[in-house]
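Same chain, two partners: subunit A is paired with subunit B first, then with subunit C.
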Partner chain A sequence: MKRVLRLLPALAVILLAVVGPLFAAHSSTEPVTAPYALPGPGTPLGGDQVGRDVLSRLLIGGRDLMIASALIAVIVTGLAAILGAVAALRPRLGAVIEQTADLLILLPVALGIMVIGVAWPGSGRIPVIVAAIVLGTPFAFRVAAAAAAPVAASGFVEVASARGERTLSLVIREILPNLRATLLTLLGLRFIEAVYVVATASFLEVGAQPPTADWALMIRENADGTLLNPWAVLAPSLAIAVLTVSVSLAFDVLTPQARNRMVTRL
Partner chain B sequence: MAERLRSSRTAALVAVLLLRRMALLVVLLVMTFLAVEILPADAARATLGFEASPAELAARRRQLGLDQPVAVRFLHWMRGLATGDLGVSARGRQVWDIVGQPFQNTLVLGALALVLTVLAALALGSLAVLRPGKLLDRGVRSLSTMILTLPEFVVANGLIVVFALGLHLLPSVTVTSSSGKPASPAMLVLPILALAMRQIGWNTRIVRSALAEQLPAPHVDSAIMDGLPRHRILIHYMLPGALPTIAAGVATSVGMVLGGVVAVETIFNFPGIGAVLVEAIRNRDAPLVAAVVALTGLVITVVLMASDLVRAWAVGRKP
Partner chain C sequence: MTNVLEIADLSISTADGHELTRCDRLTTGRGRIIGVIGPSGSGKTTLLRSIAGALPNEAPTVRGSLSVLGKHVLMLPANELREFRRRHIGFVGQDPASRLNPRMRVRHLLAEAVGHKQFNAQQIMTDVGLPATEELLRRKPGELSGGQQRRVALARAFARRPDVLLLDEPTVGLDAVLRTRLCELLRSRADDGTTILLACHDMPLIDELADKVVELGASAAVPRVLPERRAQQSTGEEILRVHGLSAWAGFRHRIPLLHGVDFNLAARGALAVVGVSGAGKTTLARAITGLHRHTEGRISLGREVMPLRVERRSAAQRRRIQLIPQNPLGTLNPSHTVGATLSRPLRLDRKIPARELPARITSLLATVGLAEGFTERYPHELSGGQRQRVAIARALATDPDVLVCDEITSSLDAATAEDVMNMLGELRGRQGLALIVITHDLGLAIRHTNTALVLEKGRVVRAGVTPDVIRTSDPPLRHVPAHGDHHDSA
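== the complex of A and B ==
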């Protein structure tokens, strides 16, 4: 019961971001009040830099961030799981991906996103999603490969391999089912990392473009009016904070781990 | 004899490790050069504007060396890098003149953020591991998990609202003096905090678990039996063994800090390399973008090498 309670915040935020657009009272692109107007009747969080309703934009601006992050997290975790399991069976491939990870450490994600995002013809979220997958997979691969190695060395995989099963079948039927706990943790971590990357990209104006309602972009656009209507910046900041913190708490609860294994000794 | 053989083998292994890091840096430079190469608009067009005539464009291309094959330009650029010459920007200025001072500013900002991170992470991680499972330990662990999920620009906005707009304690905007440096040290405080917060969360977790792994070690055991004071056990018996893991964690943080500066410098209007990058990308200034990535990659490579050396040293010390 306590576990369910700790899952609730994350479920509530995700639900709110997904169905939020249905509850937006005003348009996300048309001004309804004065620029940086303080909260008043009809606009509980006031207006933004051109007088658009902050609450409506807040309700609309989380969905794309959530969908993009979830997409990145699922693809990165899936790729890392398959590559990690294959690498555990075929060490030579593992070494190649390991090199890639060591290479990409040298390129901080924010820099990589900007270079790839700008080199991509056209703009929008697609290049950000592609960049996040390319830059994120090698790191997730390391985790998956480390977890897959002992499973690949175990007796039942050897038996299945001796039976003449192909690599793909070994990966899907023998190895991946035994990595559930690791992959669930990985999915949670990759989702939080994806939110970080997608939001930072939007904040740096790579990705979501004005006048789209987007939490990170709202923070960037309204920064100059923080004194006039603090809610225009505070509300989307809090939204992102609540999203990442609640999701990380939820995955903490979901993953079975050896808690407090350590005995009090000191 | 065996001792000397082992140490020379360790030295060879370390040399291979370091050479591999250098090789990876070169690969990164090739990839960056190629990625910037496929930018849709070229630098000649970006600097001349859309009204430029074809003849003007061709002249500017020749001036920037854009009419030569990619391989020639890359070799030329690499040769310059080796001698500290970063080349000429798309606007015809020496890249080092544009990048030099901001790069130093960013290094100061990043180094201070890193020092704060290491101190805070060591303190919090040690406090937590001394009381495993107690309220303080659980508090430190939950708090560090929460902080580490927050993007820098969200933390930065929180800090600005509280310390600059609410309490009027610290400036929220960096003013650049005529020397190209931030005008006062107080202007560094909020950017440092914004950068360090996420890294403190990340490293506190690493320090705590690295120290906790040392608890069952036999020499720690006997130190506890001997009734040595806690801080002595922590510093002299547990920390040395935990050091390689902690060093690797801090090395990873260097990359994250150098990524984080892009957003943090944008918010605080800090005259650093992040601001240069944003401007360079807006202008499709290929040599400038490549220089920023090269300098960042170089710093990270050096730090990773240092962390490799710490690990080699720690392994060599083991009986």
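== the complex of A and C ==
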């Protein structure tokens, strides 16, 4: 029961971001009040730089951020898990994957996103997602490979390779189920990292473009008017913080469940 | 003077009421050695773990009382329990190798156990029969043989001189020389005031050492499968011929593990491979099954020469040779039920339709003396002996011609080990199965195999009919080397 309580915040935030647009009272692009107007009737969080309703933009601006982040987290963790298990099973191939990963780790993510954004203008979020996957997988790969190494050396994997299982079957049937706890934790961490990357990209005006409602973009657009209507900056900042904290809490709760079946150790 | 250990009416069961262990009464003072005996699955390990304050994960129900040095260990808060364990308890589990940090060198593993950097490595290593060479201290657990890993784990438990020493099957995987040395060491520790609990299938050891014996009852009694039966004579036709098989580790610096091993295995024959710890027995098993990466030589199965690496062998060749590995914890995938573990090799063959699977699984389980109810269990719900039976059933699932058994009976009690070997003997007769039995138990080798070879430093030093080989090979198997244990080359 206590576990369910700790899952609630994340479920609530995700639900709100997904169905939020249905509850937006005003359009996200049309001005309805004075620029940087303080909260008043009909606009509980006031207006932004051109007088659009901050609350409506907040309700609309979370969905794309979250979908993009979730997509990045799932793909990065999935790729890393498979590559990590393959590297643990096939040391020579593993050495090549590891060197490639080391090379990619050297590239700064923010710079990578900007280069892709400049080289591929007007393409929206896709370059951001591609860059986050390419540059995020090496880190996750390192973790997955380290966790897979002892599993790959155990007797049941030897028996399975001796009966002629293919590498993919060894990875999926024998190794990955034993990494559940590690991979769940990793997925949570990669989601939070992805939120930061996507938000940073929006802030740098790569990805989401004005006048789209987007939490990170809102922070940037309204930064000049912080003193006039602080809610225009505070509300989207808090939204991002609540999203990452609640998701991290949720993954903490989910992880030990996956550990139960592992052989007990003193 | 309080008692070191006091147990009254202790019963530990899982949340759903399945009793894991039960011990009515046990009190003991300092310097005593207690033997804990009972068949596989009777709760020996659980009793030892609960004395260390470590119960299985699924929040079990505890009734009765258990106190160690006057403390109720099962009720201590986590930080006090940790402190208590650090000061007073030494524990070596059934599979000690899995508790050695694979990234640490032997020297650091020992330093960590002692608690400071300055320590007499020489003394600690000699106590457990390891040579205290710089070279060995620099190795990591993965570079030690199974027996050496076990001894490093024992050395770690001894190093801190705890008040209570809990040993789960300490002699498994030790050869006769080391076993004798361990006996002397335990006796001298007990004389210094350490209380020792031994959970053990090794009855001679208990008879020799224990001041008191606790017998735990059988919970789910395992049916005795087959009557005692002598090993069949082989038919003369050879199923497996190995010629000039060499193996080494590492690509840059070759560390030789096997040197030109030759032997033939007759169809329905049984070959014992014996030798001290580190002689290359497990490497031989892995080379025959094609798992060792660096090998040369020639292996023929029936009339055809087989590729050395498992990837290059045909499906039929792989099916015909099956391995049962050594480590009782790692041998089954912890995420798969027994049913899933057994159905995979059946289905991989593509001969067995899905609707016949349950019946095939039940009959495989029956062959190894396990009831049908085991299908849904996970490995952590099985005792060491039950796990090994499932591993044997898995190997039998592909209907192999050659079974490579790497120390498969070492975690079973004497009666169960005999049953398992008799069962394998029966299969030899019925299905034409040939066995390669890697073992430390010379008696078992004499009773259940017809030919034997003795490995020493990766070379075959003696081969022939089992009783002759073992009787005439006294020096390498029983003689105590003058300086440490220089048989251990890998």
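Here is the rule we use: the second predicted complex is superposed on the first by the 254 of 266 C-alpha atoms of A that agree within 3 Å, B and C clash if a C-alpha of one lies under 4 Å from a C-alpha of the other, contacts with A are read in each partner's own complex, and residues count from 1 in each chain.
The rule is short, and it goes like this: a residue touches a chain if its C-beta (ideal position, glycine included) is under 8 Å from a C-beta of that chain, and two chains touch if they have at least 3 such contacts.
Here the structure is a predicted model, which is why all the values come from computation and not from measurement.
**Student:** Given the superposition on chain A, which partner contacts more residues in subunit A: subunit B or subunit C?
**Tutor:** In the superposed model, B touches more residues of subunit A.
**Student:** Of the two partner chains, subunit B (first) and subunit C (second), which one does A:Ser154 touch, if any: first, second, both, or neither?
**Tutor:** The answer is second: A:Ser154 touches subunit C but not subunit B.
**Student:** Report for A:Asp252: first if it touches subunit B alone, second if subunit C alone, otherwise both or neither.
**Tutor:** A:Asp252 sits against subunit B, while subunit C stays out of touch.
**Student:** Just checking: does A:Ala162 make contact with subunit B only, subunit C only, both, or neither of them? Give me first, second, both or neither.
**Tutor:** second
**Student:** With both complexes overlaid on chain A, does A:Leu22 touch subunit B (first), subunit C (second), both or neither?
**Tutor:** In the superposition, A:Leu22 contacts neither subunit B nor subunit C.
**Student:** Scan A:Glu174 for contacts with subunit B and subunit C and give back first, second, both or neither.
**Tutor:** Once the two structures are laid over each other on A, A:Glu174 reaches subunit C alone.
**Student:** Once the structures are superposed on A, label A:Leu5 by its partner contacts, choosing first (subunit B), second (subunit C), both or neither.
**Tutor:** A:Leu5: touches no partner chain.
**Student:** Quick one: is A:Asp102 in contact with subunit B, with subunit C, with both, or with neither? Answer first, second, both or neither.
**Tutor:** A:Asp102 contacts subunit B only, not subunit C.
**Student:** Counting only touches as set out at the top, which of subunit B and subunit C does A:Thr226 meet: first, second, both, neither?
**Tutor:** Only subunit B; A:Thr226 stays clear of subunit C.
**Student:** Residues of subunit A that sit at the subunit B interface in one complex and at the subunit C interface in the other, please.
**Tutor:** 260, 262-266
**Student:** Sort out for me which residues of subunit C touch subunit A in the complex.
**Tutor:** For this pair, the touching residues of subunit C are 49, 52, 54, 56-58, 91, 93, 98-99, 102, 142, 286, 289-291, 310, 313, 315, 318-319, 321-327, 329-336, 341, 344-345, 348, 378-380, 391, 394-395, 398.
**Student:** Where on subunit B is subunit A touching in the complex?
**Tutor:** 20-21, 24-25, 27-28, 32, 35-36, 38-40, 129-134, 145-146, 149-154, 157-158, 160-161, 165, 212, 215, 224, 230, 233-234, 252, 255-256, 258-260, 262-263, 266-267, 277-278, 281, 284, 289, 292-293, 296-297, 300-301, 304
**Student:** Can you list the subunit A residues touching subunit B in their complex?
**Tutor:** 99, 102-103, 105-111, 114-116, 118-119, 121, 192, 195-196, 199-200, 203-204, 216, 219-220, 223, 226-227, 230, 233-234, 237, 240-241, 244-245, 247-249, 252, 260, 262-266
**Student:** Report the residues of subunit A in contact with subunit C in the complex, numbered from low to high.
**Tutor:** Within the complex, subunit A contacts subunit C at residues 150, 153-156, 158-165, 173-174, 177-178, 180, 260-266.
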